[in-house]
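Two complexes follow with chain A in common, the first pairing it with chain B and the second with chain C.
Moving on to the complex of A and B:
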């Protein structure tokens, strides 16, 4: 949020006017503009991708139906249009994944904290789909349905929790009685393997601690943080794209925002 | 909305259908005279080489004459049961079958069976079969199920546990009392879908079904149906899939078969026929639920629609009544918003077809069948989650081309009400952004004309508007549309109003219509005109070379006044024609090189491989 307002202040007035107008008249209809950046939600069926997006966009949790194909949404973020693809997790639609991911700036790899299988699927089935994403694509690993396992998922954030140490090739925890099958460490280990798969240097990439989320679409826990962190992180990518389009108008203030966005999220 | 229907509340229907069951007895006798046991069993088994001529063959019966001896049997059946069951109400005009072009799609299913070799001596087979069929009826009808339900383990995330019917206890009484069960299984006997209850838990029931099917097959026969006092069990094999309907709805076998075909087509619409064939070629006991997981709600929704929406019964599209000038101007908006490879632009309002614009060269090859549109509508309806976003999904239109995918763009034009839905079909997987741009244009065009408000203001009509006092409701399906081969078959029908405003009463009327429909389309003795006096209403069904009409009157109507009323009704429909139907669906041209796009997709299996969703690689 901070970053968004910084940018608003930095922009010249005509742009602000335009943004206001489109917001007040037809919030969902302001789709005439081309989206600036693409964000894709991947993950096995039933992990709660649609519910997460629904919670964020409509502030509601309601019954869903398994998504067919993919659903395209446009979110206005500051003066930018962020397109979000909610994809189907079913194998039936697997072949479409790489099309949805083409040129993506951010990809949310979503699993269900109560299902070990859903985390394994991310690596087995979904990671390869991201090959068509943009070179500077950022990744987030999202464990949803935290309300089922963590009491604090209802209200406050709980970072540390006793669990088995992360390993490169982890196995499911022995006791299912805890319900929680995937711990944050497992997700972070996966995140590191993703970086390796992408041949990215861990030291220069966004750290696992800040890119692994546990959320609950049901209670809303961590959902805004997830999306807004990502929006802020993809802003540099938007600006880069815009710069590529009109190299002449390099804005110093924008660069400052980029720096701010980065420091804000990586801290 | 369950389509549940307590049996005690359908006295009239039970009577009617008892007569139908009796008639099955008689025909069973005729068919397998040399196996007397079977007549007692109510087992209806026909030799494969009989199928093309025997009257029991639902799918292909539309095109053929009855065998001469059938004239006698059913005639008696009529005098036996007709007098007792329908005291004086029913008069029947018996004529030669009317060729029903709308049933044409059903004939496809019979093709393979027709070329089967001659049946070998089946007498011994039948004797043994008797036991298994008895077991079958027991299992399905009375539900002696011994299998415990294996829990879906944590390692199988495929089984979405959400729907309440999926969790139903299959050993419970309520499970057995469902009016219509539908099962889909693979040739290897693997469960694929069950309307009620978890497929996993039903695996041994399905195993029995498959055993029965393959047992009969080993004798070069095809099992088609089993009748018991309360249930009709209909079997249908389509490629590697076996579909089974277990119904106490008293519908005709032919109707149940048609419904199973819709289920099959809906599965094809998600996976394509070619993919299913290839999957099972590679792995006979593949668990198709891997690919269909998540689609259960779509199939559930389809079966609910089949039960509650007469479009499926009539194989026709329900068109939204609209002033033709408004319809035309909306069509023009769609006509102008095009992009390469766009083949159909469809606008749906209030679950009825508002307009459809079609690509010229594409519909030269094949027409869009009502069934394909029904599947699309079901897909939209089954997905309330669609409402906020813009959907892009592959979909196969099985009657148009069962082996290839279209890409469907689905978006509502009037959020948040979401009653006006735009459907754009493209042959290009990558065309989402181009097609979404078409929607923007359509949005603009609609807003410029204030079309959405005009659509919102239009209302369906009431039977009272016809101005015939005793007429309560009707369904009219014309055949005489111009340019018949390119035209989409439509029907028109007023709102169901009092006394049919409750869900239950509506279902009762639909059941009566279904009964009339089954008599009209009876494969053994199709009728042209039926005047049927039921307890609480009088129905008249009439089919000519130009139309098919079902009417419902108050019980006080006389035969003469009903005929008179129909004359008036037909005159009224003629007058309102422009408003009630889409006369000539408009066209556009988006494929500059049709031989490359539309035709290739029609006959090019190689191209199909490329547009395939790629899930085959996962096998």
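Moving on to the complex of A and C:
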């Protein structure tokens, strides 16, 4: 009887329920580590999205070219793989945004603290792209290039990075003299409008104070805090996702277990 | 830097197609095995056989042979061709009509309805949901506005399965499972034709540029996006790979894992899907078609067909490695996992990991290198062989061919930088240690251990001794000279010992102790050697070095013998007699050894006891001979002698007595007499010569111990007799006698004492003795009475029981029944059970047999 029982279980294993193999000769491309969760960085071109990601992943500030299409990185965070998408800010690629955002667990809306326009663009152009994101997606508003306006952020600079020669560097030389156009309060106001747009209750959502960051990819100011705060915030959503998957795959096993338990007490 | 991933090879030239007809162009192609079909704008289909051949240098060439060409009888171009080999059919789109023709003769299938009209474009579902192998599912864009239809194509008929409408006019189509991926006029969408659910992907202006919709695998598509991007999208509408960047003028794209190949007006570009980088660019003019078929890519200009032949993966990877592009090489390798048979892949993967490991090793990135070596299951000797002289001379190892790296050796790698060399050595130490502790050194432990020994010795590493003291496979002929070179003499000894050459080991160590060799590893080497000898099973060696050890220190040296474990019965047991004989020249050692035997091991052999006693006595005598004798030493020496004389009863008493001669060793002498049971003499000595009453009493107790009370009484009476002996100096002896009696009252027979005591002694004087004696006697009497009473009462009880069991008379008659079988008695013989119950004798016997134990059986008594 026992043997029979195990056979039953084998035939009902989820593997058998998988879709039939493709008839095509083309392989199922080995997708490397499958990410558990997705983080997307949005924002106008030139605000420093790619630089932020480089700073975080490679711990340095280097020359960038305006991103074409998009790029992504995998970050191992504890037991989880987090994919971080760097999108292109150029108008030309705007249409791809909602696809990148589909199913995202966190979205970083990035602006340049020296450009009021870049903040305005977030609301005008980028916010609607986030409609495809996951229901429990969290938002962060990130003001980059803080080194240009904020003495604090400059001093943060630990070791002098291989700073690009002034002729190549398209941004003005790093000095807190540049005019700060966007204040943190503006960003927080935007954050609250985002919540309203998402029809979320401000009282039950993450507070603006903790979700509005000012960073500098150039000096590294606040960059780790930004990413790591977000990683920690998305963990619950990873766990939920895993649980969901478990429930849908383990079902059969569970019912088999129940059957086993039953047969046991009947015999 | 780029990779050469593909080679462009001509397949069919224009001479086999349109010749020099300038207006005739290729419109579409299809490959199926060796068969190549070409459709032209003048409504011809050409059928070729394409033979591939590979030159010895690995260069691929194609020779093509035209089998057939056929006009379809229409005036329009043949715009699409798809082969269905299972059905042996070719699905053709021409003049907005899908027709099915025979793959071999290109004749249209006439039977049944094998035609679909009003078709703008079609695609074959390569991952169909229905499982029928003799049926193909195609998706078509219908001329009917904003409609897509799913048809099933059979050998001889077609059948519509589904029709779905779309929000805008579709212009390109691809199909996977239930998922239609469509380019509409302003955007791409995914449409599930089963549920009707649709998912927007991203906007795209199809007016401006021709869209591309290309299925690249299960539920994943590649799409031309604005800005010349190649976007990946899954059926859920998610991008799982970053886009690749094509030019704005991209015409067609194909996938040949792990590459995405794209065609534009002047070039073929090759991007890797693994890292999205541009890997190769080939110039190609007038390209119009690019399509992948079964791992190959075919492309055409307007007049000729070419193949893009992928270079062997291995070659590509090697090129990357040669360019030190480790990461890319590994990505490429691992990406190919699912495309290569498992065995083959593992071999390749391992090798590449090893190569990658060596590249990183060369860059001193040790932890990464180690990880690669580990995963690549590197034969650790490959690494060891980089270090000059580490591999044993006799090692059978040869580096793998082709080589895993291009370093001659460590010096070549470090370019004379000693710092680097040291780093590499430290790395090897840690690596070899890990290899040892895992089972990675299978089969070549000798090489590993020997190399490790050499590294330790060179680096003055503390683990050298641990290595040699534990289980190891260091090769002696290779290691010994190395240890000598680095003055690791103590370790050298350990190595000899491990290899069963204890003699050689000791030779080295002795030379260190004697100062001939310099090695300060152990400051207590002498003690170590002694300890070593005490455990050494090779007796010849032990004897050989015993003199050396004893000459250095008899006290320590003798431990060679005294510390020897007794359990070594089988393995060359050391005969104590031999040792004793040997130790004659070392008297102190001899005493220590005999003490060990007699006092510690309690060896019951007369010779040892006698010899030890003799030695003790000699010592006492020699000490006494000095003038003045050293008091303390004499006391101590005598204490030992006395103890031995008392405790042991194996030595030869007479011999010792003789030896003692006239020396004033009264106590000892008394003991010896005691051993001979000459108690009278003994007590005489103690009382008369030594005049030590307590010694005399002690003697009585000692000599009678374990002998019983009668013996004891005899001794005490003897002593008493001595005290009372007439003629002796009266008073003092009387006191002694009284004290003796009072103290040891129980040791005397009171009646006998009273008889010998002088008449005039006062009763008061002997009171303690007498009262003890009296009490003793009284006690004895009362105890005896009590015992008598108890015995009597027990006897009465038993008597009572007996009478009870006998009971009164029992009557048996013919009317009375047996209690067991309930039959009457016919004879007077019966058995009486307890309680006076009469039963038949045979019933009683029966019952006794049946009962599990005889306990239940009553005393049978017959009664008549």
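The criterion applied here is as follows: the second predicted complex is superposed on the first by the 191 of 267 C-alpha atoms of A that agree within 3 Å, B and C clash if a C-alpha of one lies under 4 Å from a C-alpha of the other, contacts with A are read in each partner's own complex, and residues count from 1 in each chain.
Operating definition for what follows: a contact is a pair of C-beta atoms (placed from the backbone, for glycine too) under 8 Å apart; a residue touches a chain by one contact, two chains touch by 3 or more.
Here the structure is a predicted model, which means the values were calculated and not measured.
> Just checking: does A:68 make contact with chain B only, chain C only, both, or neither of them? Give me first, second, both or neither.
After superposition on chain A, A:68 lies in contact with both partners, chain B and chain C.
> Does the superposition put A:57 against chain B (first), chain C (second), both, or neither?
first
> Determine, under the contact definition given at the top, whether A:103 touches first (chain B), second (chain C), both, or neither.
The answer is second: A:103 touches chain C but not chain B.
> Per the contact definition in the header, classify A:242: touching chain B only (first), chain C only (second), both, or neither.
It touches nothing on chain B or chain C.
> Once the two complexes are aligned on chain A, which partner has more residues of chain A within touching range, chain B or chain C?
So, of the two partners, B touches more residues of chain A.
> Mind working out whether A:93 is in touch with chain B, chain C, both or neither, as first, second, both or neither?
So A:93 meets both chain B and chain C here.
> Just to be sure I read the superposition right, which of the two partners does A:193 touch: chain B = first, chain C = second, or both, or neither?
neither
> Kindly list the residues of chain A that each of chain B and chain C touches, one partner per complex.
Overlap of chain B and chain C footprints on chain A: residues 28-29, 31-32, 68-72, 88, 90, 92-93, 95-96, 99.
> What residues on chain A touch chain B, complex-wise?
28-29, 31-32, 44-46, 50, 54, 57-58, 63-73, 86, 88-96, 99, 112, 115-118, 121, 125, 176, 181
> Tell me, which parts of chain C touch chain A in their complex?
126-128, 131, 177, 187, 200-204, 216-218, 220, 225-227, 229, 231, 233, 236-245, 255, 257-258, 273-274, 276, 292, 294-295, 334-335, 337-339
> Under the stated contact criterion, what part of chain A meets chain C in this complex?
19-20, 22-32, 68-72, 85, 88, 90, 92-93, 95-96, 98-100, 102-103, 132
> Quick one: which bits of chain B touch chain A in the complex? Just the residue numbers, please.
Those residues of chain B that touch chain A are 154-158, 160, 162, 270-271, 290-295, 297-298, 379, 382-386, 388-394, 408, 415, 429-430, 432, 436, 440, 443, 612-615, 618.
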